[in-house]
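Next come two complexes, and both contain chain A; in the first it sits with chain B, in the second with chain C.
Now for the complex of A and B:
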């Protein structure tokens, strides 16, 4: 069980949100599917990465959305490097 | 006129160890508004889990060992024993007496606001500590380093020790395998061996203490094996670790063959990595897993953020971190910036005999293609070795062709005291002749320094 974590949005322009595992999970699955990963692999990788991010968050009650992106991409790299690249760069590539 | 932003503090120091605490107290004394943030125990590694407790235990251990071998001086020591819980109490007392160790109010008394919690950068001028936002004009990152846990199959499934956790064990284990034959590994090997533990050291390099001159590692390996029964497994690497009943079975690969060792405990002392996971990306600070990049003034690429101590990823010591902390304090407070001068910084290992080095090692000189002269004075040629009945050690001095001292290594009792005259020589470019012509007191261990210098002058 994870304690409530506040996510400060990029630039502080939008209000702070609570961390939502499902939101992170869907974004990771989307990145994996964009990199042509099979759905099962995408789900499994997203699950594993979410678990690692949650462990990382345990000592951090407040982080930025950029932190989540960097940490998630770092872990996703070991499961699917292409998806990790897309995940990290999606704002630039879109 | 440009708008001047108001911040909560003039300086926020992240980490209360040697790299942070000096700068925090100096800046506070100068009237700056200072905060210090600590995620672990206040005072940092050195007083709580590093230098102070280890050296307090080593002091007790060496006393015990000397007394145990006192029969040759006519001492009756057959009934000598020790009580480990009392030795631990002594260690705790030594930690408490340092003042900074585990003591948040120490900083508050100095006029520094102390925050317990992990600091996380939200922007270049703002951090979050337990959801509290703190802003500052300047930051000093002094988060230090932590022990690296190597990726060895099975290691995560056993309860392994680190140089920090072994200090809290109820009693010395019957047998201990240490992964890593560096400075700390050697100190703990000797400490535990004196208290009766059968110690194995596994080191990838061809000798213990591979970062020192070969004579140092070879002598210490011989002293530990012959006098303390330590088994040094050099050229070896741990392949895997598994539980075997109450014991741990460690598979070691050595010269292409695998062998296994059964021990009560495994201790990991295979190097340290800087702690850089604090949202540095949000502040735009350049860093790698090996440390934070700084310029000669200890500024990161973000000019108002400084870094000092182990987090720089250099081979650092408490005294080096303190030096850097003083430099940062100056560079934050004053306009004229200064740079740290590392010349003549000694490195010390508190074994018995002690090990101390300064300046360039012989390997360093070879790598730099420097033409050198060197001389070694074994301890057994000086009178003190006779009166103390101690012969294992030497003083080695390296000079350039003009006789200017470039570096030195000492293995001797009180090496940590002896090294400073050679540190002075390295720092001020004195020659071996300068040292040799300085009177050295008869029956001091330092006579060996004069003898070694005399061979070069």
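Now for the complex of A and C:
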């Protein structure tokens, strides 16, 4: 069980949010599906990456949304490199 | 200027417009969100087609509007000063593209107002209907107006000299050529290529595209200056 972690959004320009596993999970699934991964593989990869991110968060009461994106992308890379690339690129395409 | 040279200038201006990347970025994001939301391939094609139709329509409207304004002000022949100013505008925009078209960071982030980029990002994520995708296409062309103004302006100057039928043909050529890059990406997405590979190619070649757009504007500006400004002056002498 993870203690409440505050997520600092947009470097502090938007209000902080509590960490939500489901939110991270759906963004990871969407990235995997965008990379043409089958639905089952997308769910499994998202589950595994969420678990790793939660372990990483356990010693941190406060992180930025960018940190979470970087850590999640790093772990996703071992499951689906193209999905990890799309996940990383999402905020830096336009 | 004869019809063939005029259409050649319009075509080159359209190619320069095609090398600008905002619409391609938005199309890539729109496709990513649509596939990620488990929508069907038919829905993906409907949304992306509507987006492309929107970009095409806005390009036609902008070019027609610029041509109409110039025609009302100058008639069929703009003064040499305006031609010289258009050439100067092209060189300035070319230098601006070389210096800061892409932001100096990872990805393909463009030097457009951040509020516009955030708006397009949010709208892309919320787009579910063809009408919304069409509006997004319109907005993505407007978002890059700072850069496309140079090829649009020179094309409008060239077009107002032509007979009415050739003006319409010229607008059609410019619009089609300027959409070549998004049509290519649309075909790639429709034929099953992964977005990651398309985006990787774009990221790897972004500096080449940046150089090409700037160099194209310089070449076009130089050609028009020699042909229209210097050529006419020598003819007068």
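Here is the rule we go by: the second predicted complex is superposed on the first by the 93 of 94 C-alpha atoms of A that agree within 3 Å, B and C clash if a C-alpha of one lies under 4 Å from a C-alpha of the other, contacts with A are read in each partner's own complex, and residues count from 1 in each chain.
Definition applied: a residue touches a chain if its C-beta (ideal position, glycine included) is under 8 Å from a C-beta of that chain, and two chains touch if they have at least 3 such contacts.
Computed from a prediction, not measured in an experiment: that's the story for all the values here.
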Combined model on chain A: chain C and chain B, fit or clash: fit
Touched partner set for A:6, first chain B, second chain C, both or neither: first
Partner chain in contact with A:89 - chain B first, chain C second, else both or neither: second
Which superposed partner A:59 touches (first chain B, second chain C, both, neither): first
Dominant toucher of chain A (residue count), chain B or chain C: C
First (chain B), second (chain C), both or neither touched by A:70: first
Touching partner for A:41 - first (chain B), second (chain C), both, neither: neither
Contacts of A:30 with chain B and chain C, given as first, second, both or neither: second
Minimum distance between Cα atoms of chain B and chain C in the superposition (Å): 12
List of chain C residues in touch with chain A within their complex: 22, 25-26, 28-29, 31-33, 35-38, 105-110, 112, 117, 120-121, 192, 194-197, 199-200, 203
Chain B to chain A touching residues, read off their complex: 39, 118, 120, 122-123, 128, 130-131, 277, 279, 281-282
Interfacial residue positions of chain A with respect to chain B in the complex: 6, 8, 12, 56, 59-64, 66-67, 70
Contacting residues of chain A [partner chain C, same complex]: 29-31, 33-36, 39, 82-83, 85-86, 88-94
